[in-house]
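Two complexes, one shared chain (subunit A), two partners (subunit B, subunit C).
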Partner chain A sequence: MRLGARLFLFLIAAAGPVLLVLLPLSGFVLNSFYSMNGSEIVRGFSAGNYAEFANNKAYVGVLWHTIWLCGRVALICLLLAYPLAWYVWQQPEAKRFPLLLVIILPLFMSYIVKLFTMRSLLAVTGLMNELLLDAGFLAKPTTAFMFNENAILLTMVAMYLPFVFLPIYLALERIPESLVQASADLGGTQATTFRHVVWPLSVPGVISGAIFAFVLSLGDYVTPQMVGGPNGFTFGRVIFSQFGAAYNWPLGAALAVVLVIVSGAAILSAGLVSKKGEA
Partner chain B sequence: MRSSGGEKFVYGLCAVLFALTVLVLYAPILVNALLSVVPRKAGSLHWAEAGGGAYLELFGNVDLMQSLFASVIVAVSASVLSSVIAVVMALYLDSRFAFGRRAIETLIYLPFIMPSMITGLALLIYFTALKVPLSLATVTLGHTIFVLAIAYRLTSVRLTNLSPSLREASMDLGANGWQTFRHIIFPHLQPAILSGVLFAAAISIDETLITLFLSGDRMTLPIRLWSMLRVGFTQEINALVTLVIAGTLVVALFGLRVWKKDGKLEF
Partner chain C sequence: MSSLEGEQDLVLRGVSKRYGHLQVLQPTELHVRSGEFLTIVGSSGSGKTTLLRMIAGFTNNTSGEILFQGRDITNVPTHKRPFNTVFQDYALFPHMTVAENIGYGPMIRRQPREAITRKVNEALSIVGLQKMIDRMPSQLSGGQKQRVALARALVCEPKVLLLDEPLSALDAEMRYQMQTFLKDLQRRVDTTFILVTHDQEEAITMSDRIAVMSAGRIEQVGDHREVYYAPKTPFVASFFGDTNLIAGTLTPDGGLQTPLGLLADVAARGPRKGKVIASLRPEAIQLSAAGRRDAGIQREGERICISARIQRTIFAGPLTRVVATCDDHPEIEFLVKVTSGDLPVSSVPGTSVRLRFSAKDLAIVPVDGDEAASAPGHLKLVAASEGAR
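And now, the complex of A and B:
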């Protein structure tokens, strides 16, 4: 094929990704260097928004707090998802796929409805309190889970658990049966086989699962708003408010660039750890 | 394999954990189905007044029906559009004339890897700069590039599994490029395309984090639910939500079955 024709095909194929991904992303990074004058966006190059972020203890504090929150979400998801994935993997082959479906189907259940459900279950006048009071487990309604960080943590774990389960399960399923059998034949108990064969081979799945949970919760600005109340101020919410009530798009864009850098760093470092494990 | 008492205990513990997890994961549909038939007033359930009335009244609620309709239109357009683009991209990047394979693939995957709010706000800034008014069309474009990663991944994995000799045989027998596509490549890709469309539709109908930036004053169903969440859901909404979740689960389940039949679980 002639070079001209090849270039023509390239232009057609690249048009979508360039027009709808590359240009918007570049535009948004460019916007982060603009500034506000009253309610007008000024198109002049300045690093003022980044300086404001770095010098304002409130922004930096919220960022660290959000990273800490999302780290805990990822950790709790791992502690729950690993035994679940291991349990499904231990089942006879015919039962595995149905059980896998049972865990990952809720991914397709409405996000907002999950939030509504958590609110109705956890609220002071919620269903959980009602049931526990009726059953006599509680003397008075508990407020431990409403409009605070526990509620955000719990809701995000319930929301993102299937994303962590899936890569761990797929990693377990890739372990050749013969390796597990060889270990057993050589006298290994299930515990030693797990420690020396199964666990090391499942680490890549564990890492991708943790990254899924971390990045998803980092970018989730609705959950903290809906179940966290005034205490649930996360970095994502700060960004979103710049595009709403606070109305400062350039600052919002700069904070979003920071968010991209944090999630990118998490993804890249996880990739490096995974690679090192393989070598 | 030998198993001791300790191992049986661990296994039992995992089984209990599994059951509890399923209960929590399915709470959304269970709670909504319950509330759609049993009215809840002043913080307690009124079992005596249980009934299916909310399901009938639901269809008279114009606002709710309009946003459901908007969501369905967006989901259908975004899933069809993304799978067409996915097939074209997969075929192009698989061909020997392709340039910049890695760069283009990175662009396709980026919106899926980054936090969704980034895609949402980047497109908001972009459309505003181009003076494109926010509408269901902008929402559809946002959803399309978000689900494109899935549709493309499924299609391109499937395409690389197609033995080159089949294509060569078809060409040797005198078929032209279109005939080879029509009779060899497309039938081979079909399951991947179908599961891609189904996943894309199931994700789009529920997409919130990108849509909040792009919807303007046209509300899709998740946005309407979001705006009503502060006040609380009425019984009609519980009923609608129960139906929509059930429908989405059926679509997703169908997609997962097609995907599984397609071969190994790979992504």
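And now, the complex of A and C:
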């Protein structure tokens, strides 16, 4: 191919990511170095916003707390999604598709609709309380699941479960049947086969699933706002408030950049773990 | 059958397999002798792989039982059967090195580390891949993967080694090498080998005995001479190489009556009476120039001579295939194979020739009712190597 044509193709391929990701992101980074004078944005370089983040124990604390929360979301999602994916994988092929459809279906629903559904499930007069009361587990309705961190945790798990299920399921389905048979043939019980063949080969799916849950919940500020109440304060909400109530865009941008770095670090380290597993 | 059963043997009694309404394997008897190299050969859909998978325990049989060393193992799960399989796609664990793959069996049996290392090295030296010990499967060629898969199975010291089309993914040169290697290996390790293949030549060259399968049943089990020279069914007759099939009837006094006349006295061989098919190998026919007085069909004791006319000749390397029609019965074609340099006559179509063969070379195959109906009593030619695949 001629050099001109190759360059042209490269530019077309690069245009999307540059225009849609890199440009807005660098705008953000740029903004994060500006500062505020009253309600005016001062377009001069200073690292003041980052210093403010680092020196403010509240910001750092909320960040750590959010990371901890999102880590738990990812972990619980994994614990639920893996057995589910394994179960679907074990089914005869004709049964798999309807099962997959049921599990994936929530992805086609609006985010807001799902949030309100979760609210009605978890509320004091919600379905969960009613069931627990009817079953006799509770004497009176509990508030343990509404407007606090438990609510955020449960809701996020429910929302992001399909995102964790899919990569695990796909990883399992990519394992050729003959490998499982070979393991049995060589004397492996189902448990040994799982430990030495199925699990190692599904780890890449587990890691992508965990990353999906972690990164998605890290950036989610609507769920905490809708079901978290005053106690469920996450880093996403802090950023949101800088752009809204506090009207401090440069600081908000700086905090957002911090979040991007955390996400990036998580994805990168997951990539490394996954690579190491392959080698 | 039972009187032949050795104590160490693998015996399938009336095993069958049905998926829904589809009967992929008819009730089948098979007796695998300890230490033999048995090849199950058949085209795709003949049930040969199903049979192997049942022995391995990957598939349950719908009926019948599988006995090994006198013990019923029908319901014994795969991992407890003393058999190991070499898979068609090799099924090497992609996340393990060659050493880890081969050591998998001993490892999950919790054998000590030193023992595993020793066994892995032994197995690698048997298959000649010592240098590849730390490679990943993705870094191996097809032939090397094949050898690792073999080593991985052999390291478990199976009583029976099952090979599922192990050579089908290799190129011709590699396949030939592996055929010789496998045959040698089987003698060295002194283990029963059961190999499944669709390749007739592979079956004939490698095995002690061959089980020919078609449409979910075993047509014949025998050594290579038996299946080639004494086929028991028309399918087997046409399965291994080319042959001429001559439909006929056995007369009460043991003669073979065909459209070409009373061809031979075959009372001593094959069935006593009824419809039969005689199979005549193309290389058993001698071709010569027609003499001036030769005409029609003549019998001189065991020798049979037929006047014919060349229709076409096809050069196929060392052999030339000659198709000739019978003078008295122009609808009847014979396929003859002649060494290419020795074609005794002109190959021009229309040339008169003499075809000679001995009645001893006619294999008499009994025909079932429905098959007899499809063979309407005249000579027909089957280019089997093309047709049966």
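The rule is short, and it goes like this: the second predicted complex is superposed on the first by the 250 of 279 C-alpha atoms of A that agree within 3 Å, B and C clash if a C-alpha of one lies under 4 Å from a C-alpha of the other, contacts with A are read in each partner's own complex, and residues count from 1 in each chain.
The definition used in the following text is that a residue touches a chain if its C-beta (ideal position, glycine included) is under 8 Å from a C-beta of that chain, and two chains touch if they have at least 3 such contacts.
Everything numeric in this text was worked out from a predicted model, so none of it was measured.
> Determine, under the contact definition given at the top, whether A:196 touches first (subunit B), second (subunit C), both, or neither.
It touches subunit C, and subunit B stays clear.
> If you stack the two complexes on chain A, which partner ends up touching A:214: first (subunit B), second (subunit C), both, or neither?
neither
> Examine A:222 and indicate which partner it touches, taking first as subunit B and second as subunit C; both and neither are also allowed.
Touch partner of A:222: subunit B, not subunit C.
> By the touch definition at the top of the document, which applies to A:160: first (subunit B), second (subunit C), both, or neither?
Neither partner.
> Of the two partner chains, subunit B (first) and subunit C (second), which one does A:235 touch, if any: first, second, both, or neither?
Neither: A:235 stays clear of subunit B and subunit C.
> Which partner, subunit B or subunit C, is in contact with more residues of subunit A?
Here the partner covering more residues of subunit A is B.
> Mind working out whether A:184 is in touch with subunit B, subunit C, both or neither, as first, second, both or neither?
both
> In the overlay, answer first, second, both or neither for which of subunit B and subunit C A:80 touches.
Touch status of A:80: first partner only.
> In the superposed arrangement, which partner chain does A:90 touch: subunit B (first), subunit C (second), both, or neither?
It touches subunit B, and subunit C stays clear.
> So subunit A touches subunit B in one structure and subunit C in the other; where do those two contact lists coincide?
In the superposed arrangement, which is not itself an observed complex, subunit A uses residues 184, 189 for both subunit B and subunit C.
> Taking the touch rule as given, give the residues of subunit C at its contact with subunit A in the complex, in rising order.
Per the touch definition, subunit C meets subunit A at residues 56-58, 77-80, 83-85, 87-89, 91-95, 104-105, 107-109, 152-153, 156.
> Across the complex, what residues on subunit A touch subunit C?
176, 178-179, 181-189, 192, 196-197, 200-201, 277-278
> What residues of subunit A sit close enough to touch subunit B in their complex?
1, 5-7, 9-10, 12-14, 16-18, 20-25, 27-28, 31, 80, 83-84, 86-88, 90, 97, 99, 101-117, 119-121, 125, 127, 130, 158, 161-162, 170, 173, 184, 189-191, 215-216, 218-222, 226, 236, 239-240, 243, 249, 252-253, 256, 259-260, 263, 267
> Once bound in the complex, which stretches of subunit B touch subunit A?
1-4, 6-7, 11, 13-15, 17-18, 21-22, 24-29, 31-32, 35, 43-45, 85, 88-89, 92-93, 97-100, 104, 107-108, 110-111, 113-119, 121-126, 129, 141, 144-145, 148, 202-203, 206, 208-209, 212-213, 222, 225-226, 229, 233, 241, 244-245, 248-249, 251-253, 256, 260, 265
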